[in-house]
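For reference, the structures are reproduced in the following blocks.
Heads up, the next two complexes both have chain A, just with different partners, chain B and then chain C.
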Partner chain A sequence: MRAIWLIARSVLLEAVRRKEIYAIVLISCLIIAGIMSIDFFGLRGLTKFYCEVSLQVMSTAAALTTIALAARQLPREFEARTIYPLLAKPVSRMSFILGKLLGVMLAAAFCFALFMAIYIGGTIYMGGRISPLLILQYVYLQLLGLLILATLAFCLSLWLNFDAAMTIGAVLYFAASIIMTSISYLYDFVGSVGKLVLKASLYGLPQLRLVDLSEKVVHSDVWSPIPAWAIAALTCYAFVYSGLYLALAYISFRRKPL
Partner chain B sequence: MSQTSSPIIEVKNLVVEYGQGSKRIRAVDGISFEIYPGECVGFVGVNGAGKSTTIKTLMGFIFPTSGSARLFGLAAGAVESRKRIGYLPEVALYYPFMKGRELLELYGGLHGLTPQELRRRIPALFEELGLKGKEEVLLRNYSKGMQQRLGIAQAIIADPELLIFDELSSGLDPVGRFDMRSVLLRLKERGRTIFFSSHELTEVENLCDRVIIIHQGRIVTQAPVHELLKPLNIFELTFSLPNGKEPPQPLANHQLEKTGDLYRVTIRDVEEYAKAVTELISAGARIVTTNSKTQSLEDFFINLIQAKRS
Partner chain C sequence: MPMVDIKERSPRILKGALFLTSVLYAFIPVLWGAIARENVTPMRVSDLAAQQKRNTSAIATILGEFRTNLSDMLFIKTERYLHGGVAYMPHIDTEQLASSGDVMHSKHELRRPATSDAETSVTELPNTDLPTTGPGDQGTPAGKEDELHREEEAATLIRTPENDFRGFLGTLERTVKPWRDPRLPHEHIGGVELLPWYRLATLVDPKNVRAYMIGAWWLKTIHDEHALREAVKFLEEGIRQNPQSFQLHLMLGYILRDLGEKQRALSAFEKAVTLVAKQRPPTGDVGPNWTIYNEEDAIAACSMAVLQRRELHEDDVRGLEDALHRLRELRAQFRNMPVLERLERSLSSQLEAARKTKS
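And then the complex of A and B:
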């Protein structure tokens, strides 16, 4: 366990010292500030518009940051050859991957925490309503979504270089976010091969919309927090997908010549 | 060195191949060797001879195509055996975003050192390796030589029983090489087993008990350094003897020629040479000239590789 923590700490240290997270948060803040400044000729209901766009920007920025962080961990270790002294220590390859994953998740959580602080501050400033339990559920499920993305990016980075893993990870993220809504419309209009592809996508890709409570957070005046069984089911769903991707990454890495 | 105990490193008929199909390359071709506790062994060969591949196999970074590599009786790469190994990679690059102290805390921690042990050990290592005052400097600001010194520090931080160094002197200036030799000598005196590859053959000759020479993936020779060089050393003595006296008996075992009143003897061993001088003086001989031709490991290595190439 100590090895996992030490490796995770080094990932977190890199993320903090490289200042990428701060840059992403700053850019997102500028976008959100731009949205807050729109008046739309004094139209009512702008708070909800602000909340919706802010959460979308934050969620996308956090997802892409997580994919980038996860996708670069292993290729960079190989390219810079820093993996040799690390794996020369009494550290198993499984501990190495788990340490990297934990580090990425800590960095992602740090990034998301910054976003949420800005979001909550902005919402209060705009006079919006905050449901603490719903916010907590939203954050928890978002982190589960980021866990799925991190393991997916790890998996890709073992077969591809950083650029390719990052690009494909981002494409799969957008696909996974879109497929859930469009699949039922498309299904009746495609042939048998198309149906097969859509079914394969449905089960092969994680449905990230399932772990996205942003609409409920925006309309927290009419939505109550979701029940515990639903949270438990979504936790299982996220663990199955992330476990699957992690297992694939480990199988690939276990005997990979360095 | 104790060859009566079990070997620490045991390599048997090791074959390592890279690539697929027609591009498949055999980097290591059926090598076998053993290294015993307390030995300091140099692993020598030209670039591409298979040194780094062998070392990477020992560390479990790559896997044997056939044959076996065992360390401390366990398959190469086993986590248990790595607790007892310090390793310096061929190209030492470390996380540029970390400070020197943080890097050693990471590697020492991975080796199982407690925070108290780290607090005691890290300043001592910075001092020993000539990096004092650089503890809080980011590694991106370290020179290549400083990174190599830090690499050695991370390898020895847990005071392991076995040290495996791939290209020990890579990136070091002459002062750095001298310092590294001192560190290695201290480790050797403390009974640590050392296995290292190097292109600095003077270093190998001075430090190692034994040398293994590898060429095109095969071991061409492995022997104690002095045994390798012994047949190549030549000591010549020219002397004359008082009238009627015959050369002392021990000289008859060596190549002895007589030209007029002068004898010339060629001896290949330094101890035999010293003994012959003593015998001649007590026999009343007059030594006219002495001449010695000794070869270095580098001469031996170059001759061997040229012979292999031709």
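And then the complex of A and C:
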């Protein structure tokens, strides 16, 4: 356990020291500030636009940061040969991967916490409505989504190079909404084989759309927080996929010749 | 030199592929010609009917917010914001929304109950004893917050439980995403929050007349002088970019009237009438270039140009005489506008009554 924590801490410290997270947060804030600097008729209280743009920019930036951080962890250890002294110590490969994953998730959470602080501050400044429980649920579900992306990026980075792993992770993230909508839409128009393929895709791919509560946060004047059973079910859902990807990553890592 | 290398080194299959590509490339003009002969839907933003058709297509539904331009994205945003985030299959008639502010289905054309305590719609005439401006126009409210009304069923993008093959994933999606049973009455929420999207749309595409119209309409619903002044500025910008759009002049007239600027409002209505005279088919027949909304707005422009004259005079008799004089000119100018005939009857009887009262 201590080994996992030490590895995680080093990943987090490195991510914070490299100042990439700050740069990403700063760039995202500049994008949001740029859009909000447009004069929207000098009216106050038009917060839904701010909420929507901010959440979209922030979740995209956090997802891409997580994918990049996760995808580079293992290949870089091999390239820099820093993995050899690490594994020479009494650290199992599972502990190594878990430590890396925990570190990536802590960095992702740190990045997201910065975003949320800015988001909440901005919403209050603009006179918008904050539903604390809905925001908490949104953050929690986003972290579950980031967990799936991080484990997927780990898994892909052991089979492919960094660029390919990063690209596939990003494509899956951006296409998440389209995948689920198109499966649902096309289902009625295909034959039995097509239906089978669509169902297999539905369950074979993680449906990241399910862990995105941003629409309810934007329209929080209409919607209340989601029930606890849904949070529990989504937690199980995310853990199943991340567990699967982590297991695949572990198997690949074990088989990888050092 | 590199060409020689390719020729020497490439395998035969690659040469074959190159040849095939070259042949296909040579045939592109022929293919283009064949496609062009088909009845292709124009893809311009300014073609409102084409845009409406494009945005209700299957591919547009699947792509959702990943759209080719902000104008198309606005279509989705309008649908979502007005329904509190619920993703229904695109069904709101944005042309009607631009024309009168009425939130309606594109196919069902349902009207609000006549009993609703209405804020005046932009195509409604100011006096209740005067005829309405077009077929079915009840001058109903649209921006009224949290208004519930029954509409014919429009399917949601997320499936209903009875129609869902996805099991627990479907249940989760309905819980996480904004979803309402489509059989329940739609909940229409005020569209003022859409204003930044319309502002952005006009910045990206200044020819988007509909965005100017709907944006100005939502500003008008705020009932605040600052918002009305902003609406005037917004419309003046729209007119600079689209000087031939008579609807923008008409909307400007309505807003100036709300601001109490009677003379400027009359000028705007008269400008709209001038443009209508240039654009309306001689008999006012509805066609691809002249929609029912154009006709309704044309009638509204003529009616307002008449009625605004009446408001300019403190003396009711003089006001009515002036309005009737202008109305007769317009009746001579525009054929097949029965509303003007009814308006003339109404004003004539009012004038008679006013004269009697005065004497």
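In this section, the second predicted complex is superposed on the first by the 236 of 258 C-alpha atoms of A that agree within 3 Å, B and C clash if a C-alpha of one lies under 4 Å from a C-alpha of the other, contacts with A are read in each partner's own complex, and residues count from 1 in each chain.
As a working rule, a residue touches a chain if its C-beta (ideal position, glycine included) is under 8 Å from a C-beta of that chain, and two chains touch if they have at least 3 such contacts.
This structure is a prediction, so every number in the text was calculated from the model and none was measured.
Applying the stated contact rule after C-alpha superposition, one finds that A:182 touches chain C and leaves chain B untouched. Greater residue coverage of chain A by touch, when chain B is weighed against chain C, goes to C.
In the superposed model, A:48 lies in contact with chain C only, and not with chain B.
In the superposition on chain A, contact is made by A:215 with chain C only, not with chain B. Of the two partner chains placed by superposition, A:126 touches none, neither chain B nor chain C. Touch criterion met: A:207 reaches chain C, while chain B stays clear of it.
By the touch criterion stated above, A:38 is placed in contact with chain C alone, chain B being left untouched. By the touch rule above, chain C contacts chain A in their complex via residues 58, 61-66, 80-81, 84-85, 157-159, 165-166, 168-169, 172-173, 175-178, 187, 189, 192-193, 195-197, 199-200, 203, 219, 222, 226-227, 230-231, 234.
Residues 35, 38-43, 46-49, 141, 177-178, 180-182, 184-187, 195, 199, 202-203, 207, 209-213, 215-216, 218-219, 221-223, 226-227, 230, 233-234, 237 of chain A are the ones touching chain C in the complex. Only residues 2-3, 6-7, 9-10, 13-14, 17-18, 80-82, 84-92, 255, 257-258 of chain A touch chain B when the two sit together in their complex. Residues 18, 56, 59-63, 79-80, 82-83, 85-89, 91-95, 97-98, 102, 106-107, 109-112, 151, 154-155 of chain B are the ones touching chain A in the complex.
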